[in-house]
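To keep things simple, chains are lettered A, B and C as they appear, and every chain counts its residues starting from 1.
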Amino acid sequence: MKSTEGGPTGALGAGARLKIALRVLKGAFFFGRKGLIIWDSWDMWVMQIVITPIAQIGFFALLSIYLQYPTSVTQYIVIGNAIQSMSFSAVFAVANITSQDKWQGTLPSTMVTPANRAALFIGRAGFQVLLSALIAAAGLLYAATIFGVSFAAADFAGIVVTVLLTSVTMIGFGLLISAVGLYMRTAMIVANIFLFVTLLLSGVNFPVSELPGWLQPVSWAIPLTYGTQAARMAIAGTSLAGLVPTLGWEALDGVLVMFAGYALFTGFENLSRRTGRFEEY
Amino acid sequence: MGALSELAPGKKVEGYMAFRGQVLKACMILTAKLFFADPQWIIPSIIAPFIFTLVAFFLFGGQASTGSFLLYLVLGSGLMGMWGTTIYGSSNSIGFDRWNGTMESTLAAPIPLSWIALGRVLFNTFEGVINALFILVIGLAWFQVGFGVLNPGLFFLASVSTFLSLSAFGLLMCTIILLSRKGGFITNSMEIPVYIATGTMFPVSILPLVVLPFAFLLAPTWGIEAIRLSALPGYTGLATNYWLDLGILAIETLAYLGLAFFLFKRVEAYAKRNGTLEEY
Amino acid sequence: MEKARHNGKAIEVVGLTREYITRSFFGGVSRVTKALDGIDFDVATGELFGLIGPNGAGKTTTVKILTTLLTPTGGEAKILGLDVNKDLYEIRRRIGIVFGGERGLYNRVSALDNLRYFSDLYGVDPAVAKTRIPQLLEAVGLADRAQERVEKYSRGMKQRLHIAKALVHDPELLVLDEPTIGLDPGGARDIRNMIREMQKQGKTILLTTHYMFEAEELCQRVAVISKGKIVALDTPSELKRLVRDISVIELRTYGVTSDYVESLKRLPNVLRVVSELDSEVQTIRIQSPLGADLLPLVTSALPSDAKIIDRTIKEPTLEDAYLRLVEE
């Protein structure tokens, strides 16, 4: 790939930028069934909001029942999975945003201007935040209605803030993973590994403290870990004020993750400019 | 360029089964090559089941110290891996032609569609078995438990039977994908529900009654039971007998096959009536 | 011995009809579209027969019916003496199809893998395939890149592979659906040469194309299809005689606009004006019985900043005949 010198700073020419954009798109397109969410058909909505969350919560809840753990443990698991179920949508949000552009044919023009790119991302991300939050909310609804979790003492303001914040921070994580996808051939595998690993590491099914000591810092680097913790506290009755420490850490973590993602994006862009290569899918 | 006039004449293979055998082999080989050309396969096949198992391991906590329990866990994981490839691979064995642009080439072939699908499904299921073995090996190494099954011969028989029933199920799923616009939705939604309903990680007996008929109609449920009965000492599960399980498995598998071949004829008739199976 | 069975006719179409029914929301019939409205034609064994027509005329529908991919709603079609409704698999074994464009190949594997797969799918004896496939690759000029993934091929290469794939099982009849579409002139020429060679082998060929000069160059007879009906069927020279009453003035101009073209259309005795205004030098073809007599009027209508670089009086081509036939 020859680099096209253009612009006063010798920045990547339109051709090379387009190639980057297309690479992101290709990665996005192949981001698995869970990744490629086409929201204009009712069945995808039903699958994302009803079937998959219930099935996922059900699987782990039944496991707990089989092992004859006390109800409190089962409920712990139910809440954790209810929150976690939003992560597929949130993490793949970045991929969805760019793939929507592909369908509408607007990506080339947007990708050429960095300012536009940022604006586009923020605009679209807003939609994804709401969507992911909706999925988590649905999960909590199932927790209450199907899986018997009591919301009697719950602080709903706390729940809402937790869900929205977790949604935002997980989208930041999606940015991080998409950046990896720019350069690596196996982006989707990385993304999916990550998402499945949250089942293990984010306090979804059991507390982080049960993990080996060396693994725990990794857990606390994932925003979702704070999210599940805060959600449980809110449902148990902790007020929004009481959640501030946990949510504060989550917000901070989210910001760091977003910076890391952006840095990685730029880093890979520079790397490919230097080496003049893109990993072909 | 050479001359088109100097080509060896295209003699055809004789015999009904010889031709079909050749088609099966060709489809298996092509599917294998396409499969390895695309690295995504790892996810539903290995990563998802393995992670689910690790979570289950942590959940099982102290109980997971006995060898046979760990084996139970690891077997369940392998089975989930096999389901993964069936749901995503086999059910899309013909559907894949749609977005690949090769649907017309496939429909124009001088052999019923069901045979092409069968060849592809067989590879997919075989690949699922390899995944299961892979997960088994990783799991056994991770949890440090030996692979001592109760009765190797019966275990092997149960495994092969389950493999065949998954192939038949995959073939059936294939027709559903082709016949229904919502086919993809149905198969994608099925992933975790079948892990639950076929008792991969916990016995079917703890499921709510309303789910049980669905569970019992899935032939691999019985295969999994038979596998466990032949592998794990002291396993009672559904309190059935190994041979009864295999019997039900066989009947249901044959039913799937019959239904699949019937539905494939419908698929082909539909394609010809409308000129296409292209939905995209 | 096969010829005797089908009386020397590789394709026989009688009263072929195809309707598409659009259903309303509640299942009732809202509209019936006739894609084919009773067409008849024959193709002799060993003939190179062309089917031309505008988009939506029914070319693709006809091709799909003849290749057993679509059932007709009325009429009859026989391929090599076999009924398209009853003898599906036998027909498929004996015909080869080239779909135009990029689709129809497995891009993630090599050309060799593709040919081996289709060879097996069509029941070619493996021992024979071992020899035949390399020969085919050589014949289409892909031998040295046979092991590469098809996704790396240029469009022209893919098209050549399509031809190899269609020939892999040594079919008697070939159906080529716009085989040169989207190819550069060199690539298209290669394909046309191969088509001629295949005909020399005694294969019957049904060709659909958008390019009139291609039909004129290759086909022994051409059927013009429009709105589901065959409006003409004859040799290219006979079809051109339909427009023998007209001459064609071909102008190569510089700086003209569509306004000029519109003004030409309004001139007396001008039957048709076809223009290509997109390039730097624009080509305008004016059909008129007046021929050279029209030239003064054509020149006087020219805007002051435009220029005629070249003007020729031409004999009408198949394209002119075609345009008259489909626009009537």
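Here is the rule we use: a residue touches a chain if its C-beta (ideal position, glycine included) is under 8 Å from a C-beta of that chain, and two chains touch if they have at least 3 such contacts.
The shown structure was predicted, so the numbers you read here are calculated from the model rather than taken from an experiment.
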Chains touching both chain A and chain B, listed by label: none
Far-end chain from chain A, centres as C-alpha averages: C
Innermost chain, where centres are averages of C-alpha coordinates: B
Leading chain pair when contacts are tallied as C-beta pairs: B-C
Computed distance of Cα centres, chain B from chain A, in Å: 30
Chain centre separation in whole Å, for chain C relative to chain A (CA means): 51
Distance between chain centroids, defined by C-alpha means - chain B, chain C (Å): 43
In the complex, chain C residues that touch chain B: 61, 64, 67-71, 88-90, 92-93, 97, 99, 102-109, 113, 116-118, 120-126, 128, 131-132, 135-136, 138-141, 143, 149, 165, 167-171, 190, 194, 197-198, 200-201
Sites on chain A touched by chain B in the complex: 30, 32-33, 41, 43-44, 46-47, 51-52, 55-56, 58-60, 62-67, 77, 185-186, 188-189, 192-193, 196-197, 199-200, 204-206, 210-211
Residues of chain B touching chain A in the complex: 39-40, 42-43, 47-48, 51-52, 54-56, 58-60, 63, 88, 182, 185, 188-189, 191-193, 195-196, 201-203, 206-207
Chain C-facing residues of chain B, complex: 1-13, 19, 22-23, 25-27, 29-30, 33-34, 37-38, 100-102, 104-105, 107-112, 116, 271-275
